[in-house]
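Just so it is clear, A, B and C label the chains in written order, and each chain counts residues from 1 on its own.
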Amino acid sequence: MTAETAPAPVDSPGAIIRQRRISLGDPLLGWGVRILSWIALGAIVLMLIDTALNSGKLLEHESIWDFLTGTVWQPASVIYGALPFVYGTLVTSILALLLAVPLAMGAALLVNEYLPPRVASPLAYGIELLAAVPSVVYGFWGILVLVPFLRPIQQAIAASPLGAIPTFSGPVAGPSYLAAGVILAIMILPIVTSVARDAMNATPRLQREGALALGATHWETIRHVVLPFARGGIFAGVILGLSRAIGETIAVLFVIGNQPQINASIFAPGYSLPSVIASEFAEANQPFHPEALIALGVVLFVISFAVNLAARRVVGRFEARAGGADVR
Amino acid sequence: MSVEEPEMAMAVEQIAIQVRPRVDPTPDLDAVGQTVPSMDAAIDVQHLNAYYGAKQAVRDVTFTARQRAVTAIIGPSGSGKSTVLRSLNRMLEVVPSARIEGQILFHGIDIYGREIDPAAVRRTIGMVFQQPNPFPTMSIYDNVVAAARFNGLVKGRAQSDELVERSLRQAALWDEVKDSLAKSGASLSGGQQQRLCIARALAVNPEAILMDEPCSALDPIATLQIEQLARDLAQSYAILIVTHNMQQAARVSDDTVFMSVDEQRAGYVVEIGPTSRIFTNPLNKTTEDYITGRFG
Amino acid sequence: MFAEQVLRSTGRGRRGRERLVMILCLLAGAISILPLGLVLFYLLVEGLKAWSPAFLVSPPGGGITTTGGGAANAIVGTLMMTGLGLLIATPTGLAVALYTAEYREGRLAIIVRTAVDLVAGIPSIVIGLFVYSVVVLTMHHFSGLAGAIALSLIMLPIIARTSEEMFKIVPRRMREGTMALAMPRWRAITSVYIPTVASGIMTGIVLAVSRAVGETAPLLFTALGSSFVVTDLNRPMSALPLYMFQNALNIGFPAARERAWAAALTLVAIVLVFNVLGRWLASRTGTRLK
């Protein structure tokens, strides 16, 4: 029965080769995978079209141009202009970047270059955990802790000679573009830091050692070798952070003040695209109000899509350059 | 350097033990060596040319591997030995740019025929690789029986048990693992893993087994075990082994195909013949140089 | 001589700059980690004050203004919608990953992958709007089902991307092994590749859940929320972030504020557990996390 070396008998040599086996499993899995993927694709496309159509109903009320450039948003009077929200989204995102990028660069350098690994790892881990905290928690903490904290500071600056500049002028209510910018900065810090760190780590050791061998100090090596090399990746991180800041809804909603206006001062309350949709949708019973809000959603989608596209292009170019970086 | 034709004919003549007319005569018998039909021929390679894209990897390879014998393919690196081996079980075509010309017959059947399913070829002609590659997420038992089960060769626990024991015995691994069949396939030593791979190749009931430098990742003791195994298996199967280790080829094989690389970096067959003759009295100067270590 | 110049020039100026930069970076690092510390601190202090195990299992007493009450409706809702969302997103994510990594079929596969990547970049509130347009308007009412679909859209890109990356690193030896044994392709995929990369796929799933559990915006106009403990997916239902959001909007009422803190503590605890678990799995399998 259990012969040591003999194989199981076969009818004639090579017979198996002529067999054609019909395997059901292969087409089953293959088609299952394909169909599921196409359904996913179809669902996504369907959603895009449907939303666009629904928002299109707004066109019965006003033209696209009026909508995009209108500075007044008053549902009670059936007036819908998108500009205050685009402005608010822009201002808060720029503020967030201004605050987060330098901090992220510093933190990335700290973790990568200056700290011993035993301290660096927990710090890096902690920063990445920041990204996991849900935005509603940030918003809640923001209105209860951050805004009261910022209010006296904002008031002090507005009252000082700096307050003459429109950007820093009062009156100060508490919730403001600045508060939203700060919260957004906290939220995008982890991703910018993380991408910057990856970019800096990618510097070839050869380049680094070359600079050190010439007598450069640590900082000079960083400044003249690491940072230029990592430039593309850092930029990609910045764009990723921007993309996140643009779409952030709940945290901003709590601290921005929810005033559909355009105000030059960063201490003034304002509104952003995602937060107005979130806060007004539930009770949007004015004529065309829901459609206007959906239209704002379309504007938000277009903006974030454009930013993501730009991000992909930059990342692609960075990865292409990284291959030939040694030539520099 | 090309082979002298009369020498080639003489060499091939010495390969065939019995001179008997073939059951299925193959067309195109101009090639030297094919005029010697043999019932013992398992794999018949005729004028094999292989290309990767535009680059030719091997040219005009012709040889016969016997059933119930070990055929070694030796030669320096780059001579196309692995390429030739992989065309024998249709693994070469998995590389996108690879293509072949020529004919490869298994017991007279053209394995590249249009109606032939590559999977069926691979079931009949098994392969063992340079690096042992047991499936890491499966136990030893499952490693051996999985492919056989999926190919419908066994049904039910009893048949599986029997197949596992038989295959592991054939691979000379049974006594070492029979009490730990549930352990992971990756938990064995290198030599044991390779024997496990041989066992699972045997489990799908092939008629020939191809070995692509099966010992290069193993220690000397494991190497000897695999070599002994190859010789034992040759009592029933056709074994083809690619090796860059000449002593191994001399120890293990009955017939040898010696390949080298030409100026265009394509591999070609320099000489074929019984191992004993190739290593003691080679017909070709290139062979003699290689054997005596003057190059390669 | 050049060497002299170099030696001489590592003077106080350069060393001073070095130190300055280090101090600045230290400051940056400290400021960066500060918010996390502050948030956690307040969470623990305020949250523990308001929290009790009963919070998890008792339904809200009445309206937003009433005192007491728990988050049972939110817990049940989160479990059901995240669970259903996962049920939708996992096979779809695996299918997309297999489609692009294994069955690579030219343009269509690239289009599918681009579409899924696109979804990853869409703000979650816009995803909520999408699902509202297609599901809620068609059904003429809000529902837990719509919420689950929205969550599945959040989870899909994460699962698909991680799984695709896993399939791409299946070693060539393993592929060759299955082929040489004449294993049918579907068998190779289901019995060899997937088990081998299973923990990588799990990482994607765990991280996706961690993200979905914390999302508020996509649920705002899909599941809407409810003060009742609802198990019927056809009706509006609550979820932990929604619950917290609705209470948090009413900071004027101390009771609502307390419930919001308790919900925040619960939510962050759940999210952090999943996140840390996901990262630990990723470090074990060497998954990249972008």
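Methods note: a residue touches a chain if its C-beta (ideal position, glycine included) is under 8 Å from a C-beta of that chain, and two chains touch if they have at least 3 such contacts.
Quantities reported herein were computed from a predicted structural model and do not represent experimental measurements.
Highest inter-chain contact count (C-beta pairs) belongs to A-C.
Taking the mean of each chain's C-alpha atoms as its centre, the chain lying closest to the overall protein C-alpha centroid is C.
Look at the CA centroids: the one farthest from the centroid of subunit C belongs to B.
Remark: subunit B and subunit C have CA centroids separated by 51 Å (rounded to whole angstrom). Subunit A and subunit B have Cα centroids lying 56 Å from one another.
Subunit A and subunit C have CA centres that are 14 Å apart.
Residue positions of subunit A touching 2 or more other chains: there are none. Shown for subunit B are the residues that touch two or more other chains, namely 119-120, 123, 151.
Chain contacts: subunit C has residues 184, 187 touching two or more partner chains. Put simply, subunit B touches subunit A in their complex at residues 42, 67, 106-109, 111, 115-117, 119-121, 123-124, 151-152, 162, 165-166, 169-170, 202, 205-207, 232-233, 235-237.
Those residues of subunit B whose C-beta lies close enough to touch subunit C in the complex are 89, 91, 94, 119-120, 122-123, 126-127, 129, 131, 133-138, 146-147, 150-151, 197, 200-201, 204. Across the interface of their complex, subunit A is touched by residues 6-7, 10, 14-15, 17-18, 21-22, 24-29, 31-33, 35-36, 38-39, 42-43, 91-92, 95-96, 98-99, 102-103, 105, 108-109, 111-112, 115-116, 118-119, 121-126, 129-131, 133-134, 137, 156, 184-187, 189-190, 210, 213-217, 220-221, 224, 241, 244-245, 248, 251, 257, 260-261, 264, 267-268, 271-272, 275-276, 279, 290 of subunit C. Considering their complex, residues 23, 25-26, 28-30, 32-34, 36-41, 43-48, 50-51, 54, 102-107, 109-111, 113-115, 123, 125-130, 132-141, 143-145, 186, 189, 193, 195, 198, 214-215, 217-220, 222, 243, 246-250, 254, 274, 277-278, 281-282, 294, 297, 300-301, 304-305, 308 of subunit A touch subunit C.
Residue ranges on subunit C touching subunit B, taken from their complex, read 171, 173-174, 176-184, 187, 191-192, 195-196, 198.
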